[in-house]
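In the two assemblies presented below, chain A is common to both, partnered first by chain B and then by chain C.
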Partner chain A sequence: MKDILSLFFAYARSGLKSRFQYKVDAIVVIFAVFLREAGGVIAMYLALQKFGTINDWSIDELLFLFSLIFITYGIFIVFFMALRDFPDWIKHGDFDRVLLRPRGVLTQLVLCGADWLAAFGHGTLGILLLIISANRVGVEWNVKTVLYYLMCVIGGVLIQGAVFLAFSAITFYVLETNSLKEIFYWNMRKFAIYPLSIYNKFIQAILIFVVPFAFVNYFPAQFFLQKPDMASYPTWFMYITPIVGIVLYALAYAFWRFSLRFYKSTGN
Partner chain B sequence: MIVMKELSKTFPDNVTAVKNISLHIAPGESVGLIGANGAGKTTLIKLICGMCKPTSGYLRVFGEDPLRRSKNSPPIGLVSGAVITDGYNYHYGHASAVLQDDIELSLNLEIVGNIYRIPKTLRLRRTDDLTKAFGLNDLLHYRVNQLSLGQRMKAELAAVLLLAPKLLILDEPFIGVDAASRQTMRNMLRSLAAKNDTTVILTTHNVLEAEQICSRILLLDSGTLAYNGSIDRLKRSHIGLNRVRASFDDMPPDLGDMPVARYTAENTCMTIEYDVSNISSRDLSGYLIKGSRLSDIIIEKPTVEQIIREIYKEEQNGNDDKC
Partner chain C sequence: METMINVENLCKTFKIQRRSTGFTGAVKNIFRPTYEYKKAVNDVSFSINEGEMVGFIGPNGAGKSTTVKMLSGILHPDSGSISVAGYIPHKQRKDYVANIGVVFGQKSQISWDLSPLDSYEVIKHIYRIPDKLYKDNLERYTELLDMSDFIDRPVRQLSLGQRMRADIAAALLHSPKIVFFDEPTIGIDVVGKDKIRRFIKTLNETDNITMIFTTHDMQDIEQTCQRLIIIDDGKKLYDGSLENVKSGCVSTRIIEAEIEDMTNGIDIDHTQITHDESSGKLIVTFDTDKISTSEVMSQLMSTNSVKDISIKEPGIDAVIRDIYEGKIKVRAATRVSADASVGAVAFSNVCHRQTAPQADTRF
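On to the complex of A and B.
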């Protein structure tokens, strides 16, 4: 464990160093990421000025919902960037280098890939939204809620990690998965910024069972907000985000291991 | 160290890159893997490294199946040379570079040490030795993408030697490298091979380079092992023709019934090709000196490259016959 931590810190140091080589540029990039994402928030804010609420969710509640997306993504991208860009790793042969080293294949990928600039951009925005909204929607912070919030964040990171891990495993078979990611990750993420209950059954099913973004932000937010639209879903959905994260990640990992064997047996 | 029995690898598109190769490489041996592009060199290396699975046959590296390499398996050092795609850009062969482009060399070496669990003191000592040997001392604080290709390849080799690997595989390490750096790398490899402590596999299509470093040559030809043995034996078994270039003060002599293969004479110069098993160089040159006014004489031995070209030719002719 200590061993893995020291490797992570060595990579983190190198990653930060290379990203902040040109400091002004790095800060501009972080700011640009921040603004790009904040644009979505502002658009939502302006729309809410007109409508007042969406499905009984006020603007502050929506911001709370939104903040979970940014916070989990900010952490997610510290660990899973290599999987986000995995097709390139295969095409450029970088992946073979990983295979040769005396460390777990996935350990290396998770530790070495960190998009620090995106992490800072998304992370700051997420934390900012959380600070603004949490008070106004009346979240009571105590040991229990803080702990559950943190577990939900970890669960949300694992859910997204599992999705990318599964896509990476698919890469072994088809080499190019960027359009899959576009449809099943980035588009679903756009849906997830609004309450699940506003969508039709089909999209809800996808968000709950296929790419379970609902467990990244909607159900954990319901735990804190207790909105009436939660009545359409089993109550226990509010409590299982950490479990969904772990189970999904374990399944994705099994699929990854299986596919890795396939990769070796075919060669590329 | 490495044992292969009837090893084959066929890709899903039905290309058989490695066909029925059986061979044994002893610990500490240095072997040159030679073959044209597409001869199966890279696939063979991938199989040895456990990056892909053989279709059939037996393969053991360090006594273990390379596909089942564990965290405790002895490290394999792999250096891949650059493939230049156009005038300026280059990328690396199948397993790309050890070093990360956008950070300093020193931090790179630290990460390599970390990944391979090399204790810090040992890492620092080796880094010190290696950077001295490769003349990289002043470059430690440069980012890798600021290095020239020659410097970079030296750094790659140094980074891999940091692991003190028992098996070192070099895939075309000299491509695009300037003469001085090439010399440094070659010297390093030669002394490494001489110590008989590290098994070295050098892939190249430059036979001369292989000859300087390796004691044995493996010649791959479309996936099969066309030759496996020492360079000396290669020379002896496929003796090419020696060649004498002689110039004279006046007319070249008449060779009469000397058992030479062929000769050409032009003005006062003469080129003679002969097989040393028919006539020794001493007898031939003695005849030339005695019989006429010799002004200059050069005797050339056949180069390994010529011999290999002939072997390939034989193979190809053989194949043509079958068709």
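On to the complex of A and C.
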């Protein structure tokens, strides 16, 4: 563990050092990410001024729902950036180098890819939204809820990590997976901004069973908010985010291990 | 001497989609893709002893890189066996790669925005290099590769030659037993190439590191390796001493003659005669062991009116090219006789090997 940590910090040091070679760019990136994402929040806020509520969810409750996406995504890009951009790693031959080093393949990819600056942008926005909204919707923080919140964040990160790990495994067969990600990750993420209950059954099923974004933010938020629309789903869905994360990640990992042997290096 | 690398009947086939062109072709590609199978490596066997330095050459697409990638554990072979330093590379990847270093001339492993020193720090962590070894190696390679001027400068400010030297040091910091160089001199100027070659040779001699060196530059091979493996179309064409290939050039001669009346058919025993359309010259290739130069000249002149004539000795590049094209047949039929023709001195280590490689069909 100490060994893994020291490797993680070595990667982090060199990663940050190389980003700060261009100081202006580095700082602008943080703000750019923050503002880009905040734009989405502001649009939602303005729309809600008109409607008041969506499916009985107030603006503050929606922001609480939204904050979980940013917080989990901020952590996600610290660990899963390399998997998010995995087709490039293969196309540019960088994956060959990973295979030539005496460490686990996934260990290296998870530890080395961190995009700290973007993570900082997403994370700050997420925490800001959390602080603002949690207070107003009356979340009661105690040891139990804080612990569960943290576990849900970890679970949410693992769910998204598992989705990208599976996509990365598919990359070994088809080389390019960006359109798949567009459909099954980025679009799903857009859906997850709003409460699950506003969508038709088909989209709900996808968000619960296929790309389970509902467990990243909707069900954990229900644990804290207890909105009436939770009645349409089994109550225990509110409690299983960490388990969904672990199980999904384990499945994706098995698929990744299996697919690794099909890797065909690119020519020079 | 111990065997370090042993490869037997290695095969690797790639499935390539055959693309039809045009719109209908594009539609067809989606619904009814046709595939062709390319045997990138086809039944290749060889073995390399500890401390040997082997040049691995072949035209583009010959299967060199695929072979090196299988040797280094990146690719799984379809069939055949590989054993390197007692490991099976693709099965014991993690343990195995701690013993090897790989330098890709086309793909740097040091970070563009950092100094070589910063990248080395990360490598030190990845390979778990002990402080003492790291310090010693760093000091030694900085001196041998003459890097003290630029080791703390961002890589983006370095020349290609400097970057390559920094890359070579990066691959050696963990003191590997085997090093693969994949075109390490590509695009580098004469002085830079020379520095790299001399370093590689020194390292091979002093540290007894086993090395495989793929390149397109015959000078690289001439100045560093004693043994040469030529691979083309996935098959091993030649495996033997460099000397032997060179002696192939020594006995081969090429006569270029400009002849007034080309309509007469010219035929001289023991020679290959071609007509170069662009220069209009007649090119006669022959082996001085079979027919003497004067004999060829007199036959040529007796039957034709020759305007101009010149005799050439092909350089090693030309010999290799002719080997690719199947024009020249190097005399040695097997590694064993190849060694014998050079004598016991240079290759005494190879002669005692238990497993004699298979005979090369084309020689």
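Worth a mention:
Assume the second predicted complex is superposed on the first by the 263 of 268 C-alpha atoms of A that agree within 3 Å, B and C clash if a C-alpha of one lies under 4 Å from a C-alpha of the other, contacts with A are read in each partner's own complex, and residues count from 1 in each chain.
Everything that follows uses one rule, which is that a residue touches a chain if its C-beta (ideal position, glycine included) is under 8 Å from a C-beta of that chain, and two chains touch if they have at least 3 such contacts.
Quantities reported herein were computed from a predicted structural model and do not represent experimental measurements.
Partners chain B and chain C clash in the overlay (superposition on chain A). Once chain A of one complex is fitted onto chain A of the other, the partner contacts of A:108 extend to both chain B and chain C. By the touch criterion stated above, A:36 is placed in contact with neither chain B nor chain C.
Of the two partner chains placed by superposition, chain B and chain C are both touched by A:264.
In the superposed pair of complexes, A:190 makes contact with neither chain B nor chain C. Of the two partner chains placed by the overlay, chain B and chain C both lie in contact with A:11. By the touch criterion stated above, A:93 is placed in contact with chain B and with chain C alike.
Of the two partner chains, neither chain B nor chain C is touched by A:136.
Within the three-chain overlay, chain C meets chain B in a clash at only one of the listed stretches 109-117, 253-261 or 271-279, and that stretch is 109-117. Residues common to the contacts of chain A with chain B and with chain C across the two structures: 3, 6-7, 10-11, 13-14, 17-18, 21, 92-94, 96-97, 99-103, 108, 264-265, 267-268.
The touching residues of chain A, when paired with chain C in their complex, are 3, 6-7, 10-11, 13-14, 17-19, 21-22, 92-94, 96-97, 99-104, 108, 261, 263-265, 267-268.
Residue ranges of chain C in contact with chain A, taken from their complex: 14, 61, 65, 69, 72-76, 93-95, 97-98, 100, 102, 104, 106-107, 109, 111-114, 118-119, 121-122, 124-128, 154, 182-183.
Listing the residues of chain B that touch chain A in their complex gives 9, 11-12, 43, 46, 49-53, 67, 69-73, 75-76, 78, 91-98, 100, 102-104, 107-108, 110-111, 114-117, 143.
By the touch criterion stated above, chain A contacts chain B in their complex at residues 3, 6-7, 10-11, 13-14, 17-18, 21, 92-94, 96-97, 99-103, 108, 264-268.
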